[in-house]
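Pasting the structures in now, so scroll down.
Two complexes are shown next, each including chain A; its partner changes from chain B in the first to chain C in the second.
Right after this comes the complex of A and B.
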């Protein structure tokens, strides 16, 4: 069923329609948060926010602004539903994850409202696939209450410099310890594994450091297993902002540039490990 | 100890560690006057590798004041430090290896571009010196070739191929995959013939044919290829170790590998075992351990004088001669049994009696020496 042959009546029923010329612009950014099956979709006039959570300790949000889509129509103030993210990603890449230049999958994503499936029309080279994914009752995402006024320390780094560190992380360590301080060691990532410990120090005047705003020494530990999924977002991103608030909560914001040069954001929140590291 | 390597030498150091990781599970590190020695031995003690990085290799080299310091570290943890060779090339400017004896940590610091500092504090274990007994100079046959020639040759063998046979005549070299007699009769044979002209140096005094493991050779090739250094192969008759060597002005690498001896034919293994009913197999891995110490010619830093161990390529008892050793008995206990093939080769050999099995290495060595005298009788009985 070509996209154009949908009857007007069908289209009228939809409360959300979002179209993309290149489905990769959506699938890539969803991959950056795909570490659990359930994804909570929240659509507003501004765009789409997709949330994935783990163990009530980690939350990842992907923001896809309305203007990323070639068409974005929403008939209500807010539309919320939950789908299986793995299934959605499988559907979005149903024509294969080909990266051949000039060949891309077009997407039209429609939602009829509560109780209806999420319908995807995918087209590549004249072939159309229609996928209907059952939606679930949307859960309320955890409010990490991370607000910028409570931020104690913040650094913005070029992602390349962190990619290396994260790819080399000693996974035998249970935690990743992040130290941020106005004086030495400024910004330090530490692991404590079977073979010993490792510290990665980033000086505040490094070329890789775009912004350095640390007001007081803070050392927090985060479960490395929780942070591991964030490397998917890191891999896609060009810049990352690392913030901690007064409670030691961690916010990682990734600036992701898509195939068309547009900018989207992915954000991870993580609770600190209870055993507070030595200060 | 405090050593600093800079620029391209960091990559050389990393490649050396990657090469050693093909040999064994542990890296033996010993800073001496002549340089930093990095060594490894495989679990069946049939392969030993040593890199000696001279003081000139380093921008700064300071051996510890306490000359007896040496340690071993799980090689995986050292490898993790030098994980990404490509990023090492791009970003690491300086590598410093320091010993923090107070905290019992070996600190490897990588100074990277953009001021990034990576500090790895690795825990280590004290250990005895690990040194194989070999003498390249006494080998009857020497070949030297550019790494390219060796790489192109080895390329023809499938990755699963465990052993190759190297045969030499006065003007040619043949390499073929070693297929055991009881192997699948449909097994494919691959043989390559190389003319002496392809070698930089070709000195063959006896026509012979040796069989050794490919894995370690591949490990050294990775190193030789990246450093562009020619590989020398020193060998004698089957059964004596083959020594693969790479050298330049600031470093030396020697890989000593056991070779299969002619009469260690796999089909004899069963018989060999039944021939020596007094050598009951202990029920656990201890035997492998003690077998090793029995099989191996040893040279240790603490044992006195030349009386106890042969210093030239030894002629010990067994089907397979074992180039490397270490005196720590508990060492091999933690490791699994050697791979099947090696195992079967061990069992084919003459086993020491129970009392000898339980003895410490020094005594085992005496046994080794006495056995080596009546080697022929033992083998042919």
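Right after this comes the complex of A and C.
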């Protein structure tokens, strides 16, 4: 059914309508968190928050603010549902992941409320695709209780500088160790693999380091298998903020600029692998 | 029985290579039928190949500079060979820059199609690469298995949308489902649909146009009786359709399909002198 023939009655039923001139602005950011099938959608007046979790140790959130959408209407305070993210991504890219300038897929996403499917209307070059993705009961996302007042150490880096390190991470190492400290080595990434140990050090006065706020020496280990999915977000982003709190929880916040130059955020939370005795 | 042919023109060679590549993507084994005027690559709908059949027809004058054929007898001046098109495709790959390519039916340890490519060389001494492709000569009593398929009495005939768009839609749908429903009407509208426990997806194409068939430009008998809104549909194994869209390298100037309601999808690609027909049976 083409977009124009939707009757007013149909439109009135929807409790959430979000439209984009370029569906890539949504699909790209969702790819950054697509490491598990189940995605929890949470829509409020401010925009859309999509959450994906793994093993109760890793959580990724993508935030797409309401003003990214050309149309964003929500009739309730909060709308929540869960869909299969892989299916959603296949639907959003049904006309191919074309990067031809000037050619883009228009999207209108509608939701009728509890028990109804998430309906997508996609249009490119006069061809219309209608997708009805079944929704599930939304699970409650884990609260990592990551609070900015408990943050011990924080650095903001240009993503390019981390991309190289992450693309060369020694995957034979089980963990990635992050050391942050007000004195040398400032910010260090270490792996312990079959072929030896590797350390990447970032000096605090490097051009790549936009902000350096470390109050206390902290060394924590994180499972590489858990952090690997975050490289998808890193690849898309232009800046990344790395924070750890007093419990050693890691927060990675990525600033992602879309095709139209607008800014979205992707956030990863990861539990530490084990306690490492502080020196 | 005698067959020898020669290609000199590089354009013809490339064109022939693309056709063979397409055929090799679509079938592991097929029949090459040679007549004085035409070459045919034929795949007949065996259960083993999932019931799909293919009919690819080339006029020899458009490809070959020399073409000599003596069939099994004067009244049946044809040769039927069974071969793996992959072998022919691989042989042609090494002949990409050849000055000439000769193809000959030979008898070595077994019957072979011998392809000799004369490659350019700097020294002036010619270099020839020879490939022997084993073939089975099909006896005359079995020829009737490889006759041109009858144009089915279809319900709807319609031009296909741009193949690139159709391919990306089918590729995504294949990720989501094993089966696809293709439906079309005489109003130039075509839909591709899938439905699973997780999702239902429908892509609507319109203004595609319905090709005029027959001398009076009318659609076939069963089609002309139909209401133009009537959607003829067929449910397909999505991999078969994807394989065809992925494998084809003929970049047809005309692409169309005929649908026999709930029975078969008949795809027709026309490119200059090549016609490629592909039949995908409906699954219930």
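The criterion applied here is as follows: the second predicted complex is superposed on the first by the 275 of 279 C-alpha atoms of A that agree within 3 Å, B and C clash if a C-alpha of one lies under 4 Å from a C-alpha of the other, contacts with A are read in each partner's own complex, and residues count from 1 in each chain.
Just so we're on the same page, contacts are C-beta pairs under 8 Å (C-beta built on N, C-alpha and C of every residue); 3 or more make two chains touch, one makes a residue touch a chain.
Quick caveat, the model's predicted, so the values are computed rather than measured.
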Touching partner for A:131 - first (chain B), second (chain C), both, neither: second
First (chain B), second (chain C), both or neither touched by A:87: second
Contacts of A:208 with chain B and chain C, given as first, second, both or neither: first
Partner chain(s) touched by A:170 [first = chain B, second = chain C, both, neither]: first
Which superposed partner A:116 touches (first chain B, second chain C, both, neither): neither
Contacts of A:161 with chain B and chain C, given as first, second, both or neither: first
Partner chain(s) touched by A:146 [first = chain B, second = chain C, both, neither]: neither
First (chain B), second (chain C), both or neither touched by A:95: second
Overlap of the chain B and chain C footprints on chain A, listed as residue numbers: none
Partner chain C, residues of chain A touching it in the complex: 1-2, 84, 86-87, 90-91, 93-96, 98, 117, 124-134
Interfacial residue positions of chain B with respect to chain A in the complex: 73-74, 76-77, 80-81, 83-84, 87, 91, 105-106, 114-123
Chain C residues within the chain A interface of the complex: 161, 164-165, 168-169, 171-173, 175-176, 197-207
Residues of chain A that touch chain B when the two form their complex: 161, 164-165, 167-168, 170, 193-203, 205-208
